[in-house]
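See the structures that follow.
The following pair of complexes shares a single chain, chain A, combined with chain B in the former and chain C in the latter.
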Partner chain A sequence: MIDQILMLALALFSLSIAITLYRVIKGPSMPDRAIALDTIGVNLLSAIAIVSIVLKTKAYLEAILILGILAFIGTIAFTKYIERGVVVERKSNH
Partner chain B sequence: MKINDVILRTVTKAVVFIILTLGVYLFFAGHHAPGGGFIGGLVLASGIVLLYLAYDIETVHRGVPFNFKKVAAVGVLLATGTGIGSIFFDVPFLTQTGKYITLPILGKTSFSTVTLFEAGVALTVVGTVVTIILSISEEEEG
Partner chain C sequence: MTILANLLVILPISVGVLFIVVTAIGLIRFPDLYTRAHAASKSATLGVMSVLIGVFFHFWLFENHFNPRILLGVLFLFITGPVGGHIMSRSSYIAGVKPWEGTVRDDLAPEIERMKKEQGIK
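Then we have the complex of A and B:
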(Lines of atoms letter the chains of each structure in order from A and count residues from 1; the text may use other names and numbers.)
(Lines give C-alpha, C1' and ligand atoms only; values in the text may rest on other atoms or scores of the structure.)
Protein backbone atom coordinates (compact mmCIF):
# COMPACT_ATOMS: atom_id res chain seq x y z
CA MET A 1 0.00 0.00 0.00
CA ILE A 2 2.65 2.52 1.04
CA ASP A 3 4.67 1.63 -2.05
CA GLN A 4 1.79 2.48 -4.36
CA ILE A 5 1.30 5.78 -2.56
CA LEU A 6 5.00 6.65 -2.89
CA MET A 7 5.02 5.75 -6.59
CA LEU A 8 1.88 7.84 -7.17
CA ALA A 9 3.55 10.77 -5.38
CA LEU A 10 6.66 10.37 -7.55
CA ALA A 11 4.54 10.37 -10.71
CA LEU A 12 2.70 13.48 -9.57
CA PHE A 13 5.96 15.25 -8.75
CA SER A 14 7.23 14.38 -12.24
CA LEU A 15 4.04 15.77 -13.74
CA SER A 16 4.44 18.93 -11.67
CA ILE A 17 8.06 19.36 -12.83
CA ALA A 18 6.95 18.89 -16.44
CA ILE A 19 4.24 21.54 -16.09
CA THR A 20 6.69 23.94 -14.44
CA LEU A 21 9.20 23.29 -17.23
CA TYR A 22 6.58 24.56 -19.66
CA ARG A 23 6.47 27.80 -17.66
CA VAL A 24 10.29 28.06 -17.78
CA ILE A 25 10.29 27.75 -21.57
CA LYS A 26 7.12 29.72 -22.36
CA GLY A 27 7.12 32.18 -19.42
CA PRO A 28 6.19 35.65 -20.67
CA SER A 29 8.55 37.49 -18.33
CA MET A 30 11.86 36.79 -16.60
CA PRO A 31 10.45 36.76 -13.03
CA ASP A 32 8.09 33.95 -14.13
CA ARG A 33 11.10 31.92 -15.21
CA ALA A 34 12.98 32.61 -11.96
CA ILE A 35 10.05 31.48 -9.83
CA ALA A 36 9.49 28.44 -12.06
CA LEU A 37 13.14 27.41 -11.67
CA ASP A 38 12.84 27.73 -7.88
CA THR A 39 9.67 25.60 -7.97
CA ILE A 40 11.47 22.96 -10.04
CA GLY A 41 14.17 22.91 -7.36
CA VAL A 42 11.66 22.38 -4.55
CA ASN A 43 9.80 19.65 -6.45
CA LEU A 44 13.04 17.87 -7.35
CA LEU A 45 14.06 18.00 -3.69
CA SER A 46 10.79 16.38 -2.61
CA ALA A 47 11.12 13.74 -5.33
CA ILE A 48 14.63 12.87 -4.10
CA ALA A 49 13.27 12.54 -0.56
CA ILE A 50 10.62 10.08 -1.78
CA VAL A 51 13.20 8.11 -3.76
CA SER A 52 15.28 7.89 -0.60
CA ILE A 53 12.24 6.49 1.27
CA VAL A 54 11.55 3.97 -1.50
CA LEU A 55 15.15 2.75 -1.56
CA LYS A 56 15.39 2.75 2.27
CA THR A 57 18.71 4.61 2.29
CA LYS A 58 20.11 7.74 3.92
CA ALA A 59 22.67 8.39 1.18
CA TYR A 60 20.51 10.99 -0.57
CA LEU A 61 20.03 13.32 2.40
CA GLU A 62 23.19 15.32 1.62
CA ALA A 63 21.99 15.67 -1.96
CA ILE A 64 18.73 17.15 -0.66
CA LEU A 65 20.60 19.70 1.49
CA ILE A 66 22.96 20.72 -1.31
CA LEU A 67 20.11 21.00 -3.83
CA GLY A 68 18.22 23.25 -1.40
CA ILE A 69 21.26 25.49 -0.94
CA LEU A 70 21.92 25.73 -4.68
CA ALA A 71 18.27 26.48 -5.50
CA PHE A 72 18.29 29.24 -2.86
CA ILE A 73 21.50 30.84 -4.16
CA GLY A 74 20.38 30.49 -7.77
CA THR A 75 17.07 32.22 -7.08
CA ILE A 76 18.86 35.06 -5.27
CA ALA A 77 21.29 35.49 -8.18
CA PHE A 78 18.43 35.50 -10.73
CA THR A 79 16.35 38.04 -8.81
CA LYS A 80 19.35 40.29 -8.20
CA TYR A 81 20.22 40.22 -11.90
CA ILE A 82 16.63 41.03 -12.87
CA GLU A 83 16.37 43.79 -10.27
CA ARG A 84 19.71 45.57 -10.73
CA GLY A 85 21.28 44.20 -13.91
CA VAL A 86 24.43 43.15 -12.02
CA VAL A 87 25.06 40.08 -9.89
CA VAL A 88 28.05 41.08 -7.73
CA GLU A 89 28.56 44.74 -6.95
CA ARG A 90 32.01 46.24 -6.69
CA LYS A 91 31.38 48.68 -3.86
CA SER A 92 28.58 49.44 -1.43
CA ASN A 93 26.05 52.09 -2.42
CA HIS A 94 24.49 52.56 0.98
CA MET B 1 19.69 53.90 -6.65
CA LYS B 2 19.08 52.69 -3.14
CA ILE B 3 17.35 49.35 -2.67
CA ASN B 4 16.20 48.04 0.68
CA ASP B 5 17.62 44.53 1.05
CA VAL B 6 17.58 44.11 4.82
CA ILE B 7 15.76 40.74 4.60
CA LEU B 8 18.37 39.25 2.27
CA ARG B 9 21.25 40.47 4.45
CA THR B 10 19.68 39.23 7.70
CA VAL B 11 18.92 35.80 6.23
CA THR B 12 22.43 35.62 4.75
CA LYS B 13 24.06 36.27 8.14
CA ALA B 14 22.38 33.13 9.54
CA VAL B 15 22.42 30.90 6.46
CA VAL B 16 26.10 31.35 5.62
CA PHE B 17 27.12 29.62 8.84
CA ILE B 18 24.80 26.68 8.10
CA ILE B 19 26.25 26.33 4.60
CA LEU B 20 29.87 26.54 5.80
CA THR B 21 29.15 23.95 8.53
CA LEU B 22 27.63 21.62 5.94
CA GLY B 23 30.71 22.10 3.76
CA VAL B 24 33.11 21.19 6.57
CA TYR B 25 30.91 18.18 7.48
CA LEU B 26 30.89 16.95 3.88
CA PHE B 27 34.67 17.34 3.72
CA PHE B 28 35.24 15.11 6.77
CA ALA B 29 32.40 12.67 5.92
CA GLY B 30 34.02 11.88 2.58
CA HIS B 31 36.25 9.24 4.10
CA HIS B 32 33.56 6.55 4.45
CA ALA B 33 30.35 8.18 3.20
CA PRO B 34 29.19 10.41 0.32
CA GLY B 35 31.17 13.63 0.34
CA GLY B 36 34.81 14.48 0.02
CA GLY B 37 37.09 17.33 -0.90
CA PHE B 38 35.46 18.27 -4.18
CA ILE B 39 31.88 18.41 -2.88
CA GLY B 40 32.94 20.06 0.38
CA GLY B 41 34.89 22.67 -1.57
CA LEU B 42 31.90 23.36 -3.82
CA VAL B 43 29.60 23.89 -0.83
CA LEU B 44 32.15 26.16 0.89
CA ALA B 45 32.49 28.14 -2.33
CA SER B 46 28.70 28.47 -2.63
CA GLY B 47 28.61 29.94 0.89
CA ILE B 48 31.24 32.52 -0.06
CA VAL B 49 29.35 33.28 -3.28
CA LEU B 50 26.20 33.87 -1.22
CA LEU B 51 28.18 36.46 0.81
CA TYR B 52 29.26 38.17 -2.41
CA LEU B 53 25.65 38.21 -3.63
CA ALA B 54 24.19 39.71 -0.46
CA TYR B 55 26.99 42.22 0.12
CA ASP B 56 29.56 43.59 -2.29
CA ILE B 57 33.18 42.83 -3.17
CA GLU B 58 34.75 45.49 -0.92
CA THR B 59 32.78 44.52 2.20
CA VAL B 60 33.49 40.81 1.77
CA HIS B 61 37.19 41.45 1.13
CA ARG B 62 37.39 43.31 4.43
CA GLY B 63 36.06 40.23 6.24
CA VAL B 64 37.60 37.46 4.11
CA PRO B 65 40.97 38.93 3.04
CA PHE B 66 42.08 36.08 0.79
CA ASN B 67 43.29 36.32 -2.77
CA PHE B 68 41.36 33.34 -4.15
CA LYS B 69 43.82 32.75 -6.99
CA LYS B 70 46.51 32.18 -4.35
CA VAL B 71 44.12 29.88 -2.43
CA ALA B 72 43.75 27.73 -5.56
CA ALA B 73 47.53 27.70 -6.06
CA VAL B 74 48.17 26.63 -2.45
CA GLY B 75 45.57 23.87 -2.87
CA VAL B 76 47.24 22.44 -5.97
CA LEU B 77 50.63 22.62 -4.20
CA LEU B 78 49.23 20.73 -1.18
CA ALA B 79 47.52 18.06 -3.29
CA THR B 80 50.56 17.33 -5.43
CA GLY B 81 52.85 17.70 -2.40
CA THR B 82 51.26 14.65 -0.76
CA GLY B 83 51.80 12.78 -4.03
CA ILE B 84 55.47 13.78 -4.19
CA GLY B 85 55.93 12.86 -0.51
CA SER B 86 55.07 9.25 -1.34
CA ILE B 87 58.04 8.78 -3.69
CA PHE B 88 60.50 9.35 -0.81
CA PHE B 89 59.20 6.12 0.76
CA ASP B 90 59.98 4.09 -2.37
CA VAL B 91 56.33 3.64 -3.40
CA PRO B 92 54.59 4.86 -6.58
CA PHE B 93 53.55 8.51 -7.02
CA LEU B 94 50.31 9.51 -5.21
CA THR B 95 50.32 6.43 -2.95
CA GLN B 96 48.35 7.20 0.21
CA THR B 97 48.55 5.56 3.61
CA GLY B 98 46.64 5.64 6.89
CA LYS B 99 46.08 3.88 10.18
CA TYR B 100 43.58 3.69 13.01
CA ILE B 101 44.50 5.42 16.28
CA THR B 102 42.44 5.22 19.45
CA LEU B 103 41.83 8.71 20.84
CA PRO B 104 40.59 9.46 24.40
CA ILE B 105 37.17 10.94 23.53
CA LEU B 106 36.60 10.12 19.87
CA GLY B 107 37.51 6.45 20.17
CA LYS B 108 38.88 4.58 17.17
CA THR B 109 39.63 7.24 14.57
CA SER B 110 41.19 6.80 11.16
CA PHE B 111 44.04 9.12 10.22
CA SER B 112 45.31 9.07 6.68
CA THR B 113 47.25 11.22 4.26
CA VAL B 114 44.21 11.17 1.96
CA THR B 115 42.77 13.90 4.21
CA LEU B 116 45.69 16.20 3.32
CA PHE B 117 45.19 15.44 -0.37
CA GLU B 118 41.45 16.15 -0.05
CA ALA B 119 42.22 19.41 1.75
CA GLY B 120 44.30 20.42 -1.25
CA VAL B 121 41.44 19.50 -3.59
CA ALA B 122 38.97 21.49 -1.46
CA LEU B 123 41.19 24.60 -1.43
CA THR B 124 41.64 24.33 -5.20
CA VAL B 125 37.90 24.05 -5.80
CA VAL B 126 37.09 26.99 -3.49
CA GLY B 127 39.69 29.24 -5.13
CA THR B 128 38.73 28.29 -8.68
CA VAL B 129 34.97 28.56 -8.25
CA VAL B 130 35.09 31.94 -6.47
CA THR B 131 37.57 33.30 -9.05
CA ILE B 132 35.38 32.14 -11.96
CA ILE B 133 32.19 33.58 -10.49
CA LEU B 134 33.81 36.92 -9.62
CA SER B 135 35.29 37.13 -13.12
CA ILE B 136 32.09 36.42 -15.04
CA SER B 137 29.80 38.52 -12.85
CA GLU B 138 31.90 41.67 -12.69
CA GLU B 139 30.15 44.79 -13.91
CA GLU B 140 31.96 46.61 -16.68
CA GLU B 141 33.64 49.92 -15.88
CA GLY B 142 32.00 53.17 -16.85
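Then we have the complex of A and C:
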Protein backbone atom coordinates (compact mmCIF):
# COMPACT_ATOMS: atom_id res chain seq x y z
CA MET A 1 0.00 0.00 0.00
CA ILE A 2 2.86 2.35 0.81
CA ASP A 3 4.18 1.88 -2.72
CA GLN A 4 0.95 3.16 -4.23
CA ILE A 5 1.02 6.15 -1.90
CA LEU A 6 4.60 6.97 -2.87
CA MET A 7 3.80 6.68 -6.58
CA LEU A 8 0.80 8.96 -6.11
CA ALA A 9 3.06 11.42 -4.29
CA LEU A 10 5.56 11.39 -7.18
CA ALA A 11 2.74 11.96 -9.68
CA LEU A 12 1.45 14.92 -7.65
CA PHE A 13 4.97 16.35 -7.41
CA SER A 14 5.36 16.25 -11.17
CA LEU A 15 1.92 17.82 -11.58
CA SER A 16 2.86 20.65 -9.26
CA ILE A 17 6.20 21.14 -11.04
CA ALA A 18 4.28 21.42 -14.32
CA ILE A 19 1.89 23.99 -12.83
CA THR A 20 4.81 25.99 -11.42
CA LEU A 21 6.55 25.84 -14.81
CA TYR A 22 3.52 27.65 -16.24
CA ARG A 23 4.25 30.50 -13.83
CA VAL A 24 7.93 30.48 -14.83
CA ILE A 25 7.01 30.86 -18.50
CA LYS A 26 4.16 33.35 -18.14
CA GLY A 27 5.17 35.30 -15.02
CA PRO A 28 4.90 39.04 -15.69
CA SER A 29 8.04 40.12 -13.81
CA MET A 30 11.43 38.65 -13.06
CA PRO A 31 10.91 38.09 -9.28
CA ASP A 32 7.84 35.96 -10.15
CA ARG A 33 10.05 33.66 -12.17
CA ALA A 34 12.70 33.56 -9.43
CA ILE A 35 10.12 32.60 -6.78
CA ALA A 36 8.66 29.92 -9.06
CA LEU A 37 12.12 28.50 -9.77
CA ASP A 38 12.82 28.37 -6.03
CA THR A 39 9.58 26.43 -5.57
CA ILE A 40 10.58 24.03 -8.35
CA GLY A 41 13.89 23.40 -6.59
CA VAL A 42 12.08 22.65 -3.34
CA ASN A 43 9.71 20.26 -5.18
CA LEU A 44 12.68 18.43 -6.71
CA LEU A 45 14.20 18.09 -3.25
CA SER A 46 11.15 16.35 -1.84
CA ALA A 47 10.85 14.20 -4.98
CA ILE A 48 14.42 13.01 -4.39
CA ALA A 49 13.46 12.10 -0.82
CA ILE A 50 10.50 10.02 -2.05
CA VAL A 51 12.60 8.37 -4.79
CA SER A 52 15.18 7.31 -2.22
CA ILE A 53 12.41 5.46 -0.35
CA VAL A 54 11.17 3.83 -3.56
CA LEU A 55 14.63 2.64 -4.58
CA LYS A 56 15.47 1.60 -0.97
CA THR A 57 18.81 3.39 -1.00
CA LYS A 58 20.57 5.78 1.36
CA ALA A 59 22.84 7.23 -1.30
CA TYR A 60 20.59 10.11 -2.34
CA LEU A 61 20.09 11.65 1.08
CA GLU A 62 23.06 14.00 0.74
CA ALA A 63 21.52 15.46 -2.39
CA ILE A 64 18.58 16.75 -0.32
CA LEU A 65 20.73 19.03 1.82
CA ILE A 66 22.87 20.15 -1.13
CA LEU A 67 19.82 21.00 -3.25
CA GLY A 68 18.36 23.04 -0.39
CA ILE A 69 21.57 25.03 -0.01
CA LEU A 70 21.84 25.62 -3.77
CA ALA A 71 18.23 26.83 -4.00
CA PHE A 72 18.82 29.30 -1.17
CA ILE A 73 22.05 30.63 -2.69
CA GLY A 74 20.34 31.02 -6.07
CA THR A 75 17.46 32.95 -4.51
CA ILE A 76 19.85 35.30 -2.69
CA ALA A 77 21.86 35.93 -5.88
CA PHE A 78 18.69 36.73 -7.87
CA THR A 79 17.58 39.05 -5.07
CA LYS A 80 20.79 41.05 -5.14
CA TYR A 81 20.65 41.26 -8.92
CA ILE A 82 17.04 42.50 -8.90
CA GLU A 83 17.69 45.08 -6.19
CA ARG A 84 21.00 46.59 -7.25
CA GLY A 85 21.84 45.27 -10.72
CA VAL A 86 25.01 43.48 -9.58
CA VAL A 87 25.49 40.26 -7.63
CA VAL A 88 28.93 40.86 -6.11
CA GLU A 89 29.63 44.52 -5.40
CA ARG A 90 33.00 46.15 -5.89
CA LYS A 91 34.84 47.84 -3.07
CA SER A 92 33.83 51.47 -2.73
CA ASN A 93 36.79 53.79 -3.20
CA HIS A 94 35.90 56.89 -1.23
CA MET B 1 3.54 -1.43 16.38
CA THR B 2 4.10 -1.64 12.67
CA ILE B 3 0.74 0.05 12.12
CA LEU B 4 1.96 2.96 14.23
CA ALA B 5 5.24 3.07 12.30
CA ASN B 6 3.36 3.07 8.99
CA LEU B 7 1.20 5.90 10.25
CA LEU B 8 4.28 7.89 11.28
CA VAL B 9 5.61 7.55 7.73
CA ILE B 10 2.44 7.94 5.67
CA LEU B 11 0.76 10.78 7.53
CA PRO B 12 3.59 13.37 7.24
CA ILE B 13 4.21 12.44 3.60
CA SER B 14 0.53 12.83 2.70
CA VAL B 15 0.28 16.17 4.51
CA GLY B 16 3.44 17.38 2.79
CA VAL B 17 2.24 16.38 -0.68
CA LEU B 18 -1.06 18.15 -0.03
CA PHE B 19 0.72 21.35 0.99
CA ILE B 20 3.03 21.24 -2.04
CA VAL B 21 0.10 20.85 -4.45
CA VAL B 22 -1.67 23.74 -2.68
CA THR B 23 1.49 25.82 -3.20
CA ALA B 24 1.41 25.16 -6.94
CA ILE B 25 -2.28 26.09 -7.13
CA GLY B 26 -1.57 29.29 -5.19
CA LEU B 27 1.24 30.18 -7.57
CA ILE B 28 -1.10 30.24 -10.54
CA ARG B 29 -4.23 31.61 -8.84
CA PHE B 30 -2.97 34.59 -6.82
CA PRO B 31 -3.08 38.02 -8.46
CA ASP B 32 0.29 39.65 -7.71
CA LEU B 33 3.85 38.92 -6.67
CA TYR B 34 3.48 39.50 -2.94
CA THR B 35 0.61 37.07 -2.46
CA ARG B 36 2.44 34.52 -4.60
CA ALA B 37 5.59 34.93 -2.49
CA HIS B 38 3.42 34.44 0.59
CA ALA B 39 2.10 31.14 -0.82
CA ALA B 40 5.48 29.92 -2.02
CA SER B 41 7.48 30.67 1.11
CA LYS B 42 5.14 29.43 3.84
CA SER B 43 3.26 26.51 2.40
CA ALA B 44 6.13 25.03 0.38
CA THR B 45 8.39 25.17 3.44
CA LEU B 46 5.86 23.33 5.62
CA GLY B 47 5.18 20.75 2.90
CA VAL B 48 8.82 19.92 2.30
CA MET B 49 9.53 19.74 6.03
CA SER B 50 6.68 17.27 6.47
CA VAL B 51 7.86 15.09 3.57
CA LEU B 52 11.42 15.04 4.93
CA ILE B 53 10.22 14.11 8.42
CA GLY B 54 8.24 11.21 6.92
CA VAL B 55 11.31 10.01 5.01
CA PHE B 56 13.41 10.33 8.18
CA PHE B 57 10.95 8.14 10.11
CA HIS B 58 10.94 5.60 7.27
CA PHE B 59 14.71 5.17 7.33
CA TRP B 60 14.79 5.18 11.12
CA LEU B 61 11.97 2.72 11.83
CA PHE B 62 12.09 0.33 8.87
CA GLU B 63 15.75 0.30 7.84
CA ASN B 64 17.20 1.05 11.30
CA HIS B 65 19.32 3.87 10.00
CA PHE B 66 19.32 7.16 11.91
CA ASN B 67 20.15 9.84 9.38
CA PRO B 68 21.00 13.26 10.85
CA ARG B 69 21.41 14.84 7.41
CA ILE B 70 17.66 14.81 6.86
CA LEU B 71 17.16 16.56 10.20
CA LEU B 72 19.80 19.13 9.20
CA GLY B 73 17.94 19.60 5.92
CA VAL B 74 14.67 20.17 7.81
CA LEU B 75 16.35 22.74 10.06
CA PHE B 76 18.02 24.50 7.11
CA LEU B 77 14.76 24.68 5.13
CA PHE B 78 12.95 25.99 8.22
CA ILE B 79 15.47 28.81 8.50
CA THR B 80 16.02 29.70 4.85
CA GLY B 81 12.56 29.29 3.29
CA PRO B 82 10.89 32.29 4.95
CA VAL B 83 14.11 34.34 4.69
CA GLY B 84 14.20 33.75 0.94
CA GLY B 85 10.56 34.76 0.49
CA HIS B 86 10.98 37.90 2.62
CA ILE B 87 14.15 39.08 0.92
CA MET B 88 12.75 38.42 -2.56
CA SER B 89 9.55 40.41 -1.99
CA ARG B 90 11.50 43.24 -0.31
CA SER B 91 13.94 43.59 -3.20
CA SER B 92 11.15 43.45 -5.75
CA TYR B 93 9.30 46.21 -3.85
CA ILE B 94 12.44 48.33 -3.97
CA ALA B 95 12.86 47.51 -7.66
CA GLY B 96 9.34 48.85 -8.26
CA VAL B 97 6.98 45.89 -8.72
CA LYS B 98 3.45 47.21 -8.13
CA PRO B 99 1.04 45.44 -5.75
CA TRP B 100 -2.41 44.30 -6.82
CA GLU B 101 -4.97 47.06 -7.63
CA GLY B 102 -7.24 45.95 -4.77
CA THR B 103 -4.62 46.74 -2.12
CA VAL B 104 -6.10 49.19 0.39
CA ARG B 105 -3.04 50.29 2.39
CA ASP B 106 0.67 50.41 1.76
CA ASP B 107 2.69 51.13 4.88
CA LEU B 108 6.06 50.48 3.27
CA ALA B 109 5.93 53.26 0.63
CA PRO B 110 6.68 56.27 2.95
CA GLU B 111 9.49 54.26 4.61
CA ILE B 112 11.08 53.51 1.24
CA GLU B 113 10.74 57.20 0.24
CA ARG B 114 12.45 58.29 3.47
CA MET B 115 15.22 55.73 3.01
CA LYS B 116 15.88 56.83 -0.54
CA LYS B 117 15.97 60.48 0.54
CA GLU B 118 18.42 59.76 3.34
CA GLN B 119 20.76 57.74 1.16
CA GLY B 120 20.48 60.16 -1.74
CA ILE B 121 19.35 57.58 -4.29
CA LYS B 122 17.32 59.10 -7.15
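Heads up, the rule we're going with is that the second predicted complex is superposed on the first by the 91 of 94 C-alpha atoms of A that agree within 3 Å, B and C clash if a C-alpha of one lies under 4 Å from a C-alpha of the other, contacts with A are read in each partner's own complex, and residues count from 1 in each chain.
Definition applied: a contact is a pair of C-beta atoms (placed from the backbone, for glycine too) under 8 Å apart; a residue touches a chain by one contact, two chains touch by 3 or more.
Nothing here was measured: the structure is a model prediction, and the numbers come from that model.
Engineer: Regarding the shared-chain residue A:Arg23, is it in contact with chain B (first), chain C (second), both, or neither?
Structural biologist: second
Engineer: Is A:Thr39 touching the first partner chain B, the second partner chain C, both, or neither of them?
Structural biologist: second
Engineer: More residues of chain A are touched by which partner: chain B or chain C?
Structural biologist: Residues of chain A touched, chain B against chain C: more for C.
Engineer: Touch check for A:Glu83: first (chain B), second (chain C), both, or neither?
Structural biologist: A:Glu83 contacts both chain B and chain C.
Engineer: Classify the contacts of A:Phe72 with the two partner chains as first (chain B alone), second (chain C alone), both, or neither.
Structural biologist: Both partners, chain B and chain C.
Engineer: Looking at the overlay, what does A:Val51 touch: chain B (first), chain C (second), both, or neither?
Structural biologist: After superposition on chain A, A:Val51 lies in contact with neither partner.
Engineer: Output check: A:Lys91 vs chain B and chain C. Expected answer is one of first, second, both, neither. What do you get?
Structural biologist: first
Engineer: So which bits of chain A does chain B touch that chain C touches too?
Structural biologist: 62, 65, 69, 72, 76, 80, 83
Engineer: Under the stated contact criterion, what part of chain C meets chain A in this complex?
Structural biologist: Chain C residues touching chain A: 6, 9-10, 13-14, 16-17, 20-21, 23-25, 27-28, 33, 36-37, 40, 44-45, 47-48, 51-52, 55, 58-59, 63, 65, 67, 69-70, 72-73, 76-77, 80-81, 83-85, 87-89, 91-92, 94-95, 97.
Engineer: Quick one: which bits of chain A touch chain B in the complex? Just the residue numbers, please.
Structural biologist: Residue list for chain A touching chain B: 59, 62-63, 65-66, 69-70, 72-73, 76-77, 80, 83-84, 86-94.
Engineer: For a test of understanding, state which residues of chain A touch chain C in their complex under the given definition.
Structural biologist: Of all residues in chain A, those touching chain C are 2, 5-6, 8-9, 12-13, 15-17, 19-20, 22-23, 29, 31-32, 34-36, 38-39, 42-43, 45-46, 49-50, 52-53, 56, 58, 61-62, 64-65, 68-69, 71-72, 75-76, 78-80, 82-83.
Engineer: Flag every residue of chain B that touches chain A in the complex, lowest number first.
Structural biologist: Going by the criterion above, the answer is residues 1-3, 8, 15, 19, 22, 26, 29, 33-35, 39, 43, 46, 49-50, 52-59, 133-134, 137-139.
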